[in-house]
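Each of the two complexes below includes chain A, the first together with chain B, the second together with chain C.
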Partner chain A sequence: MSKQSDQPGMNRRQLIGGVIAATGAVTIAPGLILHAVAGNPQQKKGASSEKRWGMVIDANKCADGCSACVDACNDEHNLTGFDRPATDAQWIRTVKLKDKQTGHINRMVMLCQHCEFPPCVDVCPTNASFKRVDGIVLVDRHRCIGCRYCMMACPYKARSFIHEALADQSVNAPRGKGCVESCTLCVHRVDAGKTTTACQDACQKEGHAAILFGDLNDPKSRISQVLKSNNSTQIRADLELNTGVRYLNL
Partner chain B sequence: MRSSFFSRKCILGLLAGAALAIPAMQAAAQSTYVTKGSKAASEKSCVAETSDIRRNHMDYMKHGRDEVVIDGDRTGQYSLAGCIDCHAAKDASGKYLPVDSEDQFCHSCHAYVAVNPACFQCHRTTPEKRD
Partner chain C sequence: MLSKMYYRELYCGTPVRFWMGLALLTTFILIGLGSAYYMEHSGHWVTGMSNQVVWGLPHVFAIFLIVAASGALNVASIGSVFGGPMYKPLGRYSSLLAIGLLVGGLIVLVLDLGRPDRLIVAMTEYNFKSIFAWNVILYSGFIGIVAVYLWTMMDRSVNKLYRPLGFIAFFWRIALTTGTGSIFGFLVAREAYDAAIMAPMFVIMSFSYGLAFFIVTLIAAYLWSDRQIGELRLAKLKNLLGVFVGAVLYFTLVFNLTNLYATQHHGIERFILLDGGVYTQMFWFGQVLVGGVIPLFLIYSPAFDKSRWAIAAASIAVLIGGFFQLYVIVIGGQAYPMTVFPGKEVLESSFYDGVVSSYVPTFAEGALGVGGIAIALALVAIGARMFKVFPESLEDPEEA
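Up next is the complex of A and B:
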């Protein structure tokens, strides 16, 4: 974060020498420099690659007629609509699945599955769609050109395109016309060190506790324990995307 | 003879130019840069040396946005939300005025230098109060 200057500095060579010394680079032959791996991962601020954030949704606990998680998400990120359901942004939605043979109805919520191998990232022409080192799949709106390739590529229909100019967005989720967006796993909360998402809190408050958020990489976390002791499902597991969102009793 | 005529003309031109430029410079020097009634008006300086922020705020924010969005590091010294929290002024009824509305903090300078930043297509323009 150095000050940008139009003029080359007089001490530029000193600086380059200093940088090489600091990173522990070794010159083994003229023009051939061996760099030591710099940096201690524990000192690094922000997202950590040691974590993989995910979610478990228990379809049996998801109550009919309840939309607390959807409302909480809309409130948390100030997802205001224009009363046009076909185009209004939707980060999480309730889904009913009916088995035609038995008549059994399953309820669950669908949101960005935060895949390990996200198709939306593969197709993005500007690298706006990306996966953070901690597994959260996001759109960098500074780079998004609104081409909507990612929406086409997503097997879960998890993304929305913003068609109209917005105002009074939340600081939690800056968002605007011409960009694609989807569930961020409440990344602003994760970065603030919180351990729950808005939808999880709302579901808990309603007494259903169908949503559980946590670190999939930590074997001691509650989410890992639940996944270890229950039979969970990935939606469209055949695509081998290794989703971060898993379902129970589906 | 001819050359001295030329130089005299040049000097006259320069003087005329200076005469025009001085009032503009004075006006710039007199303006306070912060909007009356904003939190910033009561602060001694910005989050860094004010002259530094004035010159380099766009670079700081451009670095900061990648740190926040891609690396998830929100501990940086500079943030657009921080600018807005501090520099938004209130109207007579105590309601916050958008920083990009006419004569408000962001707009006033950017209009003067004919810059049209796209920040506020996505970012809110008033401090956010959440319950």
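Up next is the complex of A and C:
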């Protein structure tokens, strides 16, 4: 059949396809280009499964009345509260414990234990809770629907739900109302090639040095050597989650 | 032989009666939606929920409705899967009620999310190790399957699919409630949960609450539209409810006995059974007395032999008791302090370690929950008005 049309050599389907492709390109391209511009060379490498980031906390060195690590964490991630302790976010907290039988008193800090088998990741319906290949457990704030199932599942009460609108956020930790969050092991520092966390620096500065961050997979790292030569414990070791945070003298 | 059954849309004596009823439900729905907007807009700090009790009253309502939804389908299943002729005419309504209750429950659940606007994420991004993700599939699948099941009951041309669909719907509903119970059963860290019995217990709870919902709404609808229900038919439903109520008590007993045997669970048992304050009261007076003992008495006492008021009262008591049961499970289980440091006493903590967490529900949370029930009932009322769901008469067959 001969063509009886004054239209240019393009049929309707091609035209629609072309328009969609052009619109798509215009919509997506700026995002891709901006991402490429924003990424720094260190971050381009991505996390490595050769590492497993972890922490060791020496309960004997955790000083009574000190809250330097908590304050530093709050500053680093701009965790400003609303003076509502039941609903304000806490990524790290100090806890004082007494052995029920012996009466021995300990002081220590609790935070996300960065488990090898994290229950929060298991229960998250949308894969918002995830573990990086280098062992850091995080929440993807774009995927979190705020169902709080991870908070039900976490054996350490390590997570906080954002109960109200936030302002003046830190670039280190984008946060938002209606999502769940917890300690990131200062992942922004790790990705920038730094070797300490904010809490560790603060504890060191106070002269206690109760917190040590490092690579558990590297036998030469200080954390590995400390853990090799000392008896350490995992909290709720019975759950066999293989925590990335270990405790000395607990 | 049974006489031919005619189905008719739900017409009340006067149109005003129907529309007034719907207007009342709409009022509750609007208050509920307004409350949800208020909570979402302000953030969850305006509710009783906190970082310790993360699931509050809306979850109790939502789980209550979802559990009841799968149970409401039982009457249809008995009609098609187990071949009960007395139940068969009730199958259409049973399916409609099941869909309505599930939709009502899901709306409450979604509106209590931190980010309900991201519902699309929950529907496109699945972690198949999460029972929550499975439930998204089980819940939406349930609505679809039961809708087709209802169609096979109403349209003669697809009637040959009625029995296969009946089987599919029955197995799906068992899977659905197993999934709901497993939300708690799979929580390894918390003493109050972490038990395989949670799944079958939720299934049996669904049988009980669902049937109670069915009986109450059936009697109400027939009163509303001046139609008759036969005594024998109600007696059958009543006896079935008695068995389910007894079974829920049995599962409760086994669950608590097992916990009482294990030393590590003594704390939570003491909390629920003895010194948990409001939760202990809810357990004994709400769940056991109102939800168990009183309905059993109303159902089996010869004094109330054929009294339909007693049957309705027993069903309402089952619903109230069931609500308390879920309140104790969901909120009591979170209020009790999780053992983070076994063998240690917590002297100081800024995050409420080792202390019983307080939870006081707010009006908005309750209004959202009640709004969910109103949505369920409004959907059922509109569905029954549009489709031929209710038999014109449910008088007992003559030969029976």
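Simple rule for what comes next: the second predicted complex is superposed on the first by the 203 of 250 C-alpha atoms of A that agree within 3 Å, B and C clash if a C-alpha of one lies under 4 Å from a C-alpha of the other, contacts with A are read in each partner's own complex, and residues count from 1 in each chain.
By our rule, a contact is a pair of C-beta atoms (placed from the backbone, for glycine too) under 8 Å apart; a residue touches a chain by one contact, two chains touch by 3 or more.
Since the structure is predicted, the reported quantities are computational estimates derived from the model, not experimental observations.
Engineer: On chain A, do chain B and chain C fit together or clash when superposed?
Structural biologist: The answer is fit.
Engineer: With the two structures laid over each other on chain A, which partner does A:P125 touch: chain B (first), chain C (second), both, or neither?
Structural biologist: After superposing on A, A:P125 lies in contact with chain C but is clear of chain B.
Engineer: Touching A:L239, do we find chain B (first), chain C (second), both, or neither?
Structural biologist: Second partner only, chain C.
Engineer: Contact-wise, after the overlay, does A:V226 reach chain B, chain C, both or neither (first, second, both, neither)?
Structural biologist: Neither partner.
Engineer: For A:A59, is the partner it touches chain B (first), chain C (second), both, or none of the two (neither)?
Structural biologist: neither
Engineer: Please determine whether it is chain B or chain C that touches the greater number of chain A residues.
Structural biologist: C
Engineer: For A:L97, using the defined touch cut-off, is the partner it touches chain B, chain C, both, or neither? Pick first, second, both or neither.
Structural biologist: The second partner, chain C, only.
Engineer: Which of the two partners, first being chain B and second being chain C, lies in contact with A:C179: first, second, both, or neither?
Structural biologist: It touches chain B and chain C both.
Engineer: Quote the smallest CA-to-CA distance from chain B to chain C in the superposed model, rounded to whole Å.
Structural biologist: Result, nearest C-alpha distance in the overlay: 10 Å.
Engineer: So which positions on chain A get touched by both chain B and chain C?
Structural biologist: On chain A, the residues that contact chain B in one structure and chain C in the other are 165, 177-179.
Engineer: For chain A, which residues are in contact with chain B within the complex?
Structural biologist: 1, 3-4, 45-47, 130, 132-134, 138, 140-142, 165-171, 174-179, 187-188, 190-192
Engineer: Any idea which chain B residues touch chain A in the complex?
Structural biologist: 52, 56, 59-60, 63, 65-76, 81, 121-126, 128, 130
Engineer: Please output the residues of chain C touching chain A within their complex, sorted ascending.
Structural biologist: For this pair, the touching residues of chain C are 40, 42-45, 49-52, 54-55, 113-116, 118-119, 121-122, 125-127, 129-133, 135-136, 183, 186-190, 334, 338, 340-353.
Engineer: Which positions of chain A touch chain C when the two form their complex?
Structural biologist: These residues of chain A touch chain C: 70, 82, 84-90, 93-101, 105-106, 110, 119, 121-127, 143-149, 151-157, 159-165, 177-180, 235-236, 238-239.
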